[in-house]
Structures are given as C-alpha cells and as structure tokens.
Amino acid sequence: MTTTQRDRDLGTAYAMKPPHTRTELTSVVRGTPMGELLRRYWHPVGLTSDATDTPKKVRALGEDLILFRDKHGRVGLLHARCCHRGTTLYYGKVEEDGIRCCYHGWKFDTEGHCLEQPCEPDGGQFKDKVRQPWYPVDERYGLIFAYMGPAEKRPVLPAYECLETMDDGEFVEADDSSIGGGGPAVIPCNWLQHFENVVDPYHVPVLHGSFSGPQFTNMMASMPEVKFDKTPRGIAVRSIRKQDDGKVFYRVTEAVLPTLRVVPNPRVAQFARVESIGWTLPIDDTSFRIYVAGRVKNSGDIGRMRSKFNGKFWWDMTEAEHQQFPGDYEAQVGQGPQTIHSEEHFGQSDRGILMMRRMLTEQLDTMAADRDPIGVSFDASAPAVEFEAGNYIRDSSSLS
Amino acid sequence: MTTTQRDRDLGTAYAMKPPHTRTELTSVVRGTPMGELLRRYWHPVGLTSDATDTPKKVRALGEDLILFRDKHGRVGLLHARCCHRGTTLYYGKVEEDGIRCCYHGWKFDTEGHCLEQPCEPDGGQFKDKVRQPWYPVDERYGLIFAYMGPAEKRPVLPAYECLETMDDGEFVEADDSSIGGGGPAVIPCNWLQHFENVVDPYHVPVLHGSFSGPQFTNMMASMPEVKFDKTPRGIAVRSIRKQDDGKVFYRVTEAVLPTLRVVPNPRVAQFARVESIGWTLPIDDTSFRIYVAGRVKNSGDIGRMRSKFNGKFWWDMTEAEHQQFPGDYEAQVGQGPQTIHSEEHFGQSDRGILMMRRMLTEQLDTMAADRDPIGVSFDASAPAVEFEAGNYIRDSSSLS
Amino acid sequence: MTTTQRDRDLGTAYAMKPPHTRTELTSVVRGTPMGELLRRYWHPVGLTSDATDTPKKVRALGEDLILFRDKHGRVGLLHARCCHRGTTLYYGKVEEDGIRCCYHGWKFDTEGHCLEQPCEPDGGQFKDKVRQPWYPVDERYGLIFAYMGPAEKRPVLPAYECLETMDDGEFVEADDSSIGGGGPAVIPCNWLQHFENVVDPYHVPVLHGSFSGPQFTNMMASMPEVKFDKTPRGIAVRSIRKQDDGKVFYRVTEAVLPTLRVVPNPRVAQFARVESIGWTLPIDDTSFRIYVAGRVKNSGDIGRMRSKFNGKFWWDMTEAEHQQFPGDYEAQVGQGPQTIHSEEHFGQSDRGILMMRRMLTEQLDTMAADRDPIGVSFDASAPAVEFEAGNYIRDSSSLS
C-alpha cells in the first residue's frame, strides 16, 4: 500500500502510520531499560497485614512472588517457584523459621536459605549449596516494601515527613484498593498511563469537572494556571485558581520517581500539606495497582477518599453509566493495554507529560552511564523527605 | 521426521503436510493484499439507527472505530483513539457539531477537524494542525456505509435496482443480525469461509436438506443442475431443478465482489427477482457479520427470514442439537478461525469456489498492476446496478 | 543489566538466569523429538463406550480428531477436518459403513476411504483419489488405543499380564477420570511433570503424608529406602519401609515408557501384584489426562481409588482448602504449564527423575540413529508383559 498526499491532506485513518509504543518507557520486565530503572527503588508489594502464615501470591514488575511471615514475625518475599522442582510455594506451609514446599518439603527462611531437605540423607548435607531466590523487604507505614534490584545499588528505604509528623489525633493508615485509580484494585493498563496523569492537572476540570459532573469539589472544576518544575525527586505541579473572594487557591501536586503520587486530597477537605502518598505498583506491562499510606484521624478515612460517579461506586455502575460518567479508569484504560505513542499529539497543556518523559529518558541515560538515578539515597541518617505538595489558600496570585 | 511412501499410501494423519492458509485471500488488515482490495469498496458498518448521540463501537476490517451522529444529523466514523493522548472516544460526549474526548475535551467534527482544545491557551491556537483520523460515510437503504481506502480511489457508493424499484406496498428494511449466517450476529470465523458459501449451491440439499431436515423449502432439497458464470461484478450461480409438473425451478444467486450476497429467499416465498442484498462485513481476520437490506411489505420481514433448526432458533439449541442439526454456522465455523487451504480437495461441485478464488486472485493482480478492481465505478450518474438473481419458474430446462 | 558476584552470593531473584524449558523432552507435537518418540507407541484415546454413532471430539498429542463407531461396530479415529473443505466431522452423521460430513456429504469409512461424494457426478468418480486422514485403532481392556506414528514402525499393541490373568471374581474395568492425577479429568500442565512423579517415591511421605495429612495409608507415610533400576521397558522403583513387627513393606512401582504408570494401589488394600495400569495421555503440550484399566471385583472400584482431601473430593474443595491440603494436582500444576528446567536443583532423592530424563534422552538418540526405542515389540506372538510392580510383605529387608 502507498498513501498519497491527498490521503494525508484528508487525514483519513487510511493514512495512519504503523503504530509504535515506546516500550523502553513502559516495560517493567527485568533486563529492560525501565525495568532496571524501577528496580533501583523500593516498591510496596502488600499491606503489613498481607504477610501472615498463609502464603500470599504477589505479582510485581512482572515477577511472581510469594509473601509470608514466619512465626518469628519476619517477612519473606520469595520467588514463587521452589528452587528444587519448581512447584509454587503458594501451597507451602509456614513454620516457625520459614516456609516449606508442599512437594518434597524443602524449607526456606525469609532470605531463601534452605533449612531442611527431609527427603535427602541426613536432612540434606548439601542444602547450603542451594538458595531460594528472594528479595529484601522492609515494613513502614503499614506497607511491605521490597527491593528487587542489584545488591550493590540498594538504596535506603526513604522516610517521608508527611507520614512521620502527625498533627493532633492523626495516625498513619494504609490502603491497597487503588485509591486514585478511579476503578477496581487491579487496573488493566500500563502503569505509566496512570503515572503521567499525576503531572496532568488540565484533565481535572474536564474529566472530573464538566464531563461527568464535578467528581471532586467545585473548587477543582475551574481551569487552573499551572507551572511545572523539576524537583530533586521528580516534578512539582503548581496550580492556582483565583477564587471569588479575591484569594487564590494554590495547589501543589508532586510526581516523585519512579512511581509516587504525592497528590493532596482532590476533595480539598482542608488547606494543608499533603496527607498521603500513593505508590503506583506496576504488576506487569499491562496492569498496575496503587498502594496508599496517609495520615488520618479515623480508621477507614483513606478508603472514604474513593470517588463516586453519579452517586455510585465504580463497580456498581452499569456499562451505560461508565460511558456517561467516565473517570480516570475509563480515560487511562481507554488508552489501551499500552498506549500507542506514535499516535499522540501534544499541546501546551501537555508540558508536564513531556517533562516527565524527558526526565524518565534522562534517568535511562544516567543508568546507562552507570550513575544513580534521581532521588535514590544511600544515607541511612538522611532526614525524612519533605514535600511541597498540598492545598493552600494565598492572598497573592503569583506562581513564582 | 520423515514420512514414507507407505505412510502416504495408507493416508494416515501422520503423513499430512504442514498446514497452510492463503492469508493473501483471507486477511483484511490494512496493507495486506486482500485488506487493500476490500478497501477499494464501500462497506456497511452499522444501521442508520446505530448513529446517535451515544458513541458506538464499530470494528471493521480489523480497525476499531467510533460511530456517532452530531446534533446536525451528520454521521461521523472516527478512529477510536483520540489523536491527543489516545483515549477511546467511546467515552466521548456528542455535541451539536462533533464529539468531545472525555480526557482533555478536544472536540472533533465528523471529518476529524479539531474544533476545540479547552485546556490550550485561547482554546487551541494550533488545533488546525491536528486531525482525528476519520472515514467518509454515506447512508443508504437504512445502512451506514464507510469507505476505508485511499482517497484517490474512492468509488461511487452503488445503488441497486432491487432496492430502488419497489413493487406494490414494498419498502426497504435493514437488519444487522447476520441473517444468512445461520447463527448469532457475530460469527467467529474468517469472512471468506462465508462468502465462498454463496457460490456453493451444492451444499444446500445436503446441509440444509438431508442432514438437518429441510431447513428451507422442499423445493430446495433436491440436487440442482448448476452453471457458474462470471458477471461484470462477480459470479452468477444458475441452478435448475426439474419439478414434478414438468416445469423447471430456475434459481440465480450472485456473489458480487467484494462481499455481497445476492441470494433470493431460500424459502422461495415467491417467484421473483431477488428481494435483498447481504453484505458480509469482515470484522477482523477471524470474525464477520452480515448486514442485510431488502424489500419487504411488513416491518420485521427480514428478521423473519431467519432459519430455525428443529423448530428452534440457533441460540436456543443445546450443544447436542447443534451437533445433530448443523447449519451454515456450524459448517463454516467448523472450518476453524481461518480454514487451512493446503488440506482441501476439490471436486466438480466446487468449481464455483475455484472460480471465486481465481477471480479474487485476479483482482489482487489487477491492483498490483495499479488498475481498478472489478465492479467499482466512479460515475455518479451511472444507473442502479441490476441483478439477474431471483427464483423463477420456467417451462424449458436449458441452462444456456 | 549485569549481575555482580554480590548478587549471586545473596541469591536474590535479581540474579536469576533466563528461564529455559527442555522442550525436546516435553513437546508432544508431530515433528518434535518427543512428539516423534511418543508416536512410536500406542496411546489410549477413549473408553470403548466413547465410540458410538455420535461423533466425539478427541485431542491427543496436539491433534484434533473425531472418534466414532460405525453401525458394523468398527471404530474410526479420523482427523477432525474433512479433507474436502475442512469442516469438522464433529457435525458429521454416522452411518452403517462410515461418517458423512455435514457440509457436502462426503462419507468416509473408519480407515478414511471416501465412499460417497453426493454432490459429484455419479456420486464421485474420483473419490478413490482422496482419503480422510485417519489413525489405526484397536480396543483392549475397555479402552480404545490409537497408533499415531509412521506406518513402518507400528508395533504390536502390548498385552499386560496384570490385566490378562484374573484372580477369583476379578474382571477388568476402565476409567477416564484421571485417577492418580489428584484433580479433574483434564489436568492443565505438561504430561512429563506427571510422569516424572511416578519415579519420585520421596514426595509421598511429604505431599501425601505430613503435609495434607496421610492421603493414602499410614503405611505409606514414612520415608522409604529406595532403589531405582532400569528395566527392559522403563524404570522400577523399589521401596522398603520397615514395619513395627520386624517385617518389611516392599513396594515396587514401575514407570514404563513412554507414559505408563504401573503403580500399586497407594492405599495398600492388599499385598499383591499391581492391579492397574495408568496411561498418561498428553492432550497437548500443556495438558494431559490419565486413562486407567485395572482388575476389580466390583464395578466402580477404580473410581473408588480416587483420593479425598480433608474428606472432600477435589472439585468440592474451596480455594483455601486447596491451599491447605495440596495434592498431586497442586504440586504438578503448580510447576506451571511447562516447568522451567533451568531453575531446578536436584538432590539424592531425585535420582529417579534424573534416570528418567537420561532414559528419555537416550531414546531420542536411539530414534536419531534410526533404531527402535525401548519396549516396542513387533512380535504378535510375544507373551503378555509381566510387571514386578506390587505391594509385598517380606521378612528380610534387603533391597537387592
């Protein structure tokens, strides 16, 4: 086939070029550029309460893992397939000091050391020669974080001021239901389609405003004036909206590499610093979920941040209602399992997206040059990370 | 592995050669030989009533499209993915002069012109530089036709005498339930398996006669004498069956390229010219549907042409009944998602199939030589196409 | 990506090598090494009662076939796609001397000869020139066996002493519900994962003992002393377990190439020679089923050998119960659709598995050298094959 100038002038779909996805930015698989970049950071893989004496399946960055907690309270995150004959440890039994495979009873501790091989002479004379593949984990803010990258590059698990310093009566609560995703807990599209949304404040008055009725607060429904800036960890999005009383609603959202949503409550319950962090966990190349930890005054407050559409939860809506009242889920899953970058056309309002893609590309270059990507720290004594993110009321309207 | 002469003599399945499908005849994808041939003709993609202010998903020739009608009554058929960031326009809102994407509110008219970019300064100063991929459409006979090919090769949308000239009390009615397909509206096999069936009159007394009981009329249940001839648009199948009274039942069926079934009512309600046309729309390489437009005297007559098996509609039959009373659906879907041409063996009675494949191959050669395929017309003043197809009673039995 | 020595020392999953499956041992497709080895033997493809005048779908070694019995009682096993136009013979009608395709009525006998072509002049003058691909079958022990290999290599269908010589009141009964598979009739993983389990006596006291509670008998729950030996047909596994009364429980299990489980009743109902044979039929590369024939005294005895878990049949268990009481199904399907051989680590107790893989590899070499693989016989007068397999009580404990 050949297309002519007239086809291109008419702009019919017949004149479209072959589709292309920038998989170097989207794929999370070990050994790919983005897969390796993501593996230089800690990622949440479960709630603290997910690690029990019943093995739990975890899928993260395209890898199948098993999460458990031994009777000493230690959390283990092991490759799902037993290093003996490959049976999944999902059917294993958790014991005092490890997990035992159902097939031949090899037992592993939370760091993959093989403790017993009951079918072997003397309980396994060579058991030190095998090791169940595992990942280091740590618990913080009600979440279990895993580090899935190279040992020599393992950074400190960051602490965040917004989750360390409580206001009166506050405590930290965690949630795994993909608050902020606009739909169910597991969302069937590439993680970057969601993460880019964090640096896209312009969609708010459209998708969450005029389109489906104000999904957040009326204060958010007007088109903001926006400034995007690089931070030492990612991108800050500073929006101002002039209010009727002459004051200015000043809102700062941060996207922190590799996957953090530092987004103040869009329902603007209070004018204050950001109260929660969302981690966009890539499950694999075509699905993700969001873990959230936030300061609350009442148990369940995080869950109550969930959007409703036409007065209903997402899962209670009919197909016709999804079509009539689309939200983030519809907009992002509607881009397909992995969006087609070759078909995009950007405007001024997309400069946050472009800045994010450039920043991610720069990190890939940084990695290729054997340097550490943005925001990782190896200093265990570093202070907690402080964000600018929040909803504020100001008298002046300058965005400097 | 090597097979021996003895294997071949015995004819066991062990001696079978590797399977091969002639995808140059079956694949409907843009850029493939048949995909390009199909794109030189207009195809129905919906009923007139499918184009409303609620966007509707259409899949045709392997492409995902969105059909709608603006408030001025103009029909739009746009590439499903918004040219801005790729969100499907299925979640768009139809307005007076176009459709607006849910994500950032870009609005497009029915020819893909971008009318608004509400998140851009001044509503989008550069909006003329983008265009949503679209296809030209036209409405006729209760159907919406689309032209998905190169602009310079766009033919006239044909008119057909059998749908233009009414007998007393007749009007034209359209149907999208795949009348003639013998099953549900979407049929999970390649379109050519169905289209070849049109030039295969011999299966009628077997599949629709002795096998499942006469599915049509007893008059159709006897083996006909058949002559196949090329027409200026495809192939005419002329069958005669001698009747007990000495007269001759003369039936002409036409297959018109690229996908038209011009098949007189197989229940032979009357002896007359053909009353309907069926368009076999390839949805993609492994599914198709049929749109029909026909002259009727009562609303719903087209739907009443639907076959029953053992007194039941297809969807009410048990699996055992499908096995016992197979029809066109079972015979064609039973050939697999795309049939394996290397395993076929032809007889005299397959000469219609062979003629069709030669004709299609000739069209591919014609295209390769940069000439126009059979039956396309660029003359807007040409008279309506007249078919020979029909059921007739004759005194003489010659097929000349 | 590059992994460092520290990664390897730590043994994290980040240091894992790319996964590899030895498909030369697992794939059953015609033309592959194992596919060809499997095709040198007879395989059961149905119960005798499966062959009736209603065509039945059979999938074996990755091939889709149709099983039927003509009115003379002859069993036919034909390639599913009609050699005329490729419609499945599943919709065919069984007649006195063959099966007739629904589409154009070609009729084939049980050896694929074309008997009628009703749409052809004179009923098909050239019908001798086509042949429906077929496979030779034979009936024995309530099962239908097929030979799917090269004609010149077709061995005698073996007779087995354990199914030929009855004890008082015994008769042979067949079963197709995958007795021994620990789950449903069709098991979604590669056949070799199951077949290797036959030469793995060590898993018994773990998986079927301590793990899910004794699934068989207490006598089987202790760790045995085991010796593996090659036989003229495969591998014998000889286990002894010393009993409290000073006697010795001596159990011999045989794995007979290519797929036979010659396993005495694990519930040890009696001390005697083996009472049944199980054939592991590879359906395709990622699923299998088991046909069993055995000597019983009461109809249904074979079915009553089925394991229960926590007092329930497999299909009545909840997901939580499957996790808590895993059996062979969970252990083997838990290895994945096809296990990843590159991730395995063997111990002393795996020497049966290693012996089996070496033996299979030797057979592939034997085939490559144009010699016949182990256990095939072309001598129709050979005596029935006698197994050593059984549960026995002995006074002495030597395993010689």
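Here the chain labels run A, B and C in written order, and each chain numbers its own residues starting at 1.
The rule we apply is simple: a residue touches a chain if its C-beta (ideal position, glycine included) is under 8 Å from a C-beta of that chain, and two chains touch if they have at least 3 such contacts.
What you see is a predicted model, and the numbers here were worked out from it, not measured in a lab.
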Practice task
Tell me the angle, as a multiple of 5 degrees, of the rotation that maps subunit A onto subunit C over the C-alpha atoms.
Solution key: 120
Exercise for the section: List the interface residue numbers of subunit B and of subunit C, divide the shared ones by all numbers used, and answer same when the ratio is over half, different when under half. Expected result: different
Problem - Distance from the mean Cα position of subunit C to that of subunit B, given in whole angstrom - result: 46
Exercise for the section: List, in ascending order, every residue of subunit A touching at least 2 other chains. Expected result: none
Completion exercise
Interface with subunit B, subunit A side, in the complex: residues 1, 3-4, 6-7, 10-16, 200, 202-203, 206-207, 210-212, 223, 322-323, 326, 330-332, 334-336, 339-340, 343-350, 353
Problem - Residues of subunit C that touch subunit B when the two form their complex - result: 30-31, 36, 39, 54-55, 63, 65, 79, 81, 83-88, 90-91, 93, 102-105, 111-112, 117-121, 124, 126, 129-136, 148-152
